[in-house]
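Once you scroll down, you'll see the structures, which are given as structure tokens.
Here come two complexes built around chain A, the first alongside chain B, the second alongside chain C.
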Partner chain A sequence: MSNVSLKNLVKTYGQTKAVDDVSVDIEEGEFFSLLGPSGCGKSTTLRMIAGFESITSGEIELDGQGVSALPPEKRDIGFVFQNYAIFPHMNVFENIAFGLRLRKLSETEIKQKVGAALEQVGMAGLEHRMQREMSGGQQQRVALARVLVTEPRILLLDEPLSALDKNLREEMKFWIKELQANLGITTIYVTHDQGEALTMSDRIAVMKDGKIAQLGTPREIYQKPKDVFVAKFIGDSSLLEGRIAAMADDKCTIQIGDREFQAAARADLKLGDTAQIVMRPEHVRITTQEPDPDWNSGGAVVLAVSYQGASLRYELDFMGQSVISESTVGHGGPELDTGQSVQVMWHPAHAWLLNTGKEDHAG
Partner chain B sequence: MQGTEESKRLWLLAMPGLTFFLVFFLVPLGALFLISFDKSSTGIVDIRWMFDFSNYERFFTRSIYYEAALRSVGLAALVAVIALLLGYPLAYVIAKTTDPARNTFLMILVLSAMQLDMVIRLFGLMVLLGDNGLINQVLQSAGWDRVPLMYNFFGVVVGLVQFALPFMILSLVGVIQGINPSLEEAARSLGASRWRAFWKVTVPMSMPGILAGLLLVFALAISSYVVPTLMGGWKVIVLPIHIFQQISELAKWQFGASVAVIMFLISITAMLVYQRTSNRLAGGRV
Partner chain C sequence: MASKPYSEALIPGAFKWISGLTLFILLAPMVVVILSGLNAGEFLTFPPEGLSLRWIEAFFASDIFLGAYFYSLIIALITMVISLILGTAISLFLIRSTALGRNMIRAVVMAPIMLPGIVIGLALYLFYISSDIGLARTQAGLVIGHVLVTCPYVIGMVSAALVGFDRSLEEAARSLGASRWTTFRKITMPMISPALIAGGVFAFIVSFGQFDVSLFLTPPNNTPLPIALYSSLRYTFEPTAAAAGIFAIALVVVSMVITAKITSLRRLTAATYK
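Entry: the complex of A and B
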């Protein structure tokens, strides 16, 4: 087990900064995700940690020691590729034995270790399979076994599930997380899928344009997004822009048009700042009756209804802005039609504020 | 009956090429084959259906002929190996370079080496390698002795490698480009040095291109007439020279045909070796 420290990491290609001053400390045994849209620098960061890409400036430390001068083979890392990178000219056994042979282990030791690794990934008995005879999921298991058998200090995963179909992806998600937790191996996971990152990670760094937009636990990132980009990238959200009209202790009042709404206060907000209310669809309720006076509420018109199996999703026009509400089917809520006038309501505790008065209008 | 409809359509597509192949390759080859068994009679080209093995007997009992066969095989194999050793690194650079300008430049260099007729290219080579050629002039002005660079085995090898190298490179570039770069990276991260990753992953993965290139160069080199005559100055006698002399100068069509058939069989053997080897490699891959 090892810790990883990225210190002011920069990677430039010509004029473009692919990674722009990224600093983060990843703890021993942590499952850490780099999450972001394509081109945000997450894969480049991972490839720099592996040694596949050179560093323009900054430093990478493993257990407190700088490794940027070391070639990939000296870093003692395990790297799992999006396309699995199973050697097509070797069978499963030889693939897994590859790293062990380089470490000059005896043939008996290799046999025993490869056997154990196959057992671990649920592929026992398939040592003679070739790459072309395996499904994507099986290849990914072999790729993991091949890496884990060398007992690397850290495990780097580059979008390992994105080439799999949806059901298998769900299954592998939990399987990888469980394997990682059992081994306690420090893991850095690159993905553009917020669902994967939220389910698997201890902490997430959301990246945008080569920078870390927000660093935190999945809950922090989902519930308290730092800016519009993070709010929109992680999960669905509705944003309402207004101005801070009053502040009191832990509460503040935000004015949108001639209406006022309550929200939880944030230390960095002052009277008169512009701010956006972020609401998650599951926190926006719809009613045809009189709304609860303690809640924020207002009249809205249903624009669209979509049935999603377990839930119903409504798109509403609220004061000229789009608001999304999602409710579980069968919880007694009203079934609504397009064009219908309703009341939307949300609790002040579920109205997270984004400060857009001072910061740039990202997103 | 959709299957037969479909296969009919495929046959129709193959028809023009197949017809050409049949009329202008298989028929002449068959005629050559038949003539090679005809009793040797100077000046006669027709098939006379007087078959025996006298031409082949002559070939395998006279050292001038069977030694030429051995020389041809040795020469072609040597040229194939040299072309591989020179061609692989260059093909690797072409395949891996991400700079489009450099890639285009190298590709034009390789392809332009195939553009002019071989005879013209060889005349250019003579200017360089001849007894009073550029290289020898430089050597002499430096106070060294002249070195015979052509009209010998060396000259033939240089000429054939020049001729065959682009074919080797073209066979390799596509295959090397097709190798997933993450395979080499995977090997590196598992602890292999750059050199080891190259030998354990890139080279085995290039085998289809290496084998195809070797076969192509071997076939081109063994059947070349122009290069051994011009660069060898009639001192390096290979099978095509015998074939040409027998047919064109001595009008012994029957014996010339039998030498041609033997050369063809050598090429076919090389092709079978290629097939077997690549099947065995693919067998390990499938």
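Entry: the complex of A and C
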């Protein structure tokens, strides 16, 4: 168990900056995710921590000690690959014993440790399987066992679930999280799947173009995205652009066209700034009755309805802008048809504001 | 007939005929050599005048041929080992380095496979003589010539295996605590072993049958088999040469069969085991 410190980490390939001045402190025992679209630098960051990529500038510290001069084998880091990287010419036992043999453990110790590791990942009795005889989920478990048996200081996971089918992915998500929590091992998890990051992480760094766009807990990132990119990347959201018309201590008024809406105030917003209201689909309600006067509301037209199994998703035209609403099926809400006129409403507490007056975060 | 594999049914009939003809043309000379070696007559004639083992016995009794046979064997083994080491190292560089000029280096190291052997032999000989580095007509000089022409086969095979190699396997080994060298020994080498075996056999066979390059570089006291056969046939026309040919063919066939047992072409192209 260790803490990890990234200090002004930079990686350039020719003219391109793959990782651009990334600094973050990861606590001991933390489950930390690097989340972002492909090409955002998250994998490169992870590979630099592992020592597979050299650092252009900056420093990586494990327990306060710089490791950038150390080769991967001296860093004592466990790395799980997207394709699991199970050695195809060795069976499960030999795969897991690989790191132990390098550490010159006795044969009895190796047997005992490999056995325990297999038990831990629920693969006991499959010692003699070869890579080609295992499913993706089983390979994943072997890859984890192979890493954990060497008791690494930190665990690095590079999109470990992306090659699995959906059901297995859900199962493995909770399994990995539970395993990590039980071991208390500092873990850095790279993913492009916001669902995985939100479920598993203690903290998330959302990355874009080699930089950290936002750093925070899953709740902070989801409920209080810092910019349009984060708002759009993490979950679905509807964005309404307007201008700050009035400011009070804890709330402010946004003017869109000739209508005014209430939202929670934000310290960095001033009167007259342009801002976007971010609304999550589950916070946008649709009604055919008179809306609650304490809520923001307005008339809208249903553009599309899609059935998602457990929920219904509506795409609405609200003052010429697109708004998405999602509601759980069977909660007595109205079943609506395309083209129908309705009222949409949302509570001011669920209207998060983004300042778009100063910076250009279009994307 | 009814259970022909679907893929075979897709091959046009003409191709099968052409393949058959090619195979015949390639194999016919070997049959001639084998039958000539078993000739009962005094001279190298075809068809043989009856069959006997007298020339086989003569081969075993002949210091020149038996000596040449083993000399070729030793040269081929040394060449194979050096070509494997050198060829693998060059392949690793060519496939994995991003250094400028690697395409030119590839062209240079692969060139001996395309140049006439006689040109390489002559060039090396002139170089040895004129530079006076003591390699002219020595065993080392001969081996260098052989390595030059066999290395491209190893490079071709090993490069093909390395192109599809999943490097995360090596990275996994590294982060589990293996040094570069240990990783190569325990992960890379076992996984490209089919290519190493195939490349090694090619190098061995090409060296063993090498005539053109050897012609200029052969040391005065030792003669490789192809040169010995050639010298012998220039002055006499006795079937011992053909008998030696039988053993040369046997050696190649045996090494091919052993390789086929150890590896297969399918695994050769699927070094990633996917």
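Quick notes
Everything that follows uses one rule, which is that the second predicted complex is superposed on the first by the 362 of 363 C-alpha atoms of A that agree within 3 Å, B and C clash if a C-alpha of one lies under 4 Å from a C-alpha of the other, contacts with A are read in each partner's own complex, and residues count from 1 in each chain.
What we mean here is this: a contact is a pair of C-beta atoms (placed from the backbone, for glycine too) under 8 Å apart; a residue touches a chain by one contact, two chains touch by 3 or more.
Worth saying up front: this structure is predicted, and the values here are computed from it rather than measured.
Once the two complexes are overlaid through chain A, chain B and chain C clash, as defined at the top of the document. Looking at the shared chain after the overlay, A:Arg146 reaches both chain B and chain C. Once chain A of one complex is fitted onto chain A of the other, the partner contacts of A:Ile77 extend to both chain B and chain C. Residue contacts after overlaying the shared chain place A:Ala85 against chain B and chain C alike.
Across the superposed pair, chain B and chain C both touch chain A at residues 50-52, 71-73, 75, 77-79, 81, 83, 85, 87-89, 98-99, 102-103, 132, 143, 146-147, 150. Within the complex formed with chain A, the chain B residues making contact are 180, 182-183, 185-194, 196, 200-201, 204-205, 281, 284-286.
Of all residues in chain A, those touching chain C in their complex are 50-52, 71-73, 75-79, 81-83, 85, 87-89, 98-99, 102-103, 131-132, 143, 146-147, 150.
Contact residues on chain C toward chain A in their complex (touch as defined above): 166, 168-169, 171-180, 182, 186-187, 190-191, 272-273. Contacts from chain A toward chain B in the complex involve residues 50-52, 71-73, 75, 77-79, 81, 83, 85, 87-89, 98-99, 102-103, 130, 132, 143, 146-147, 150.
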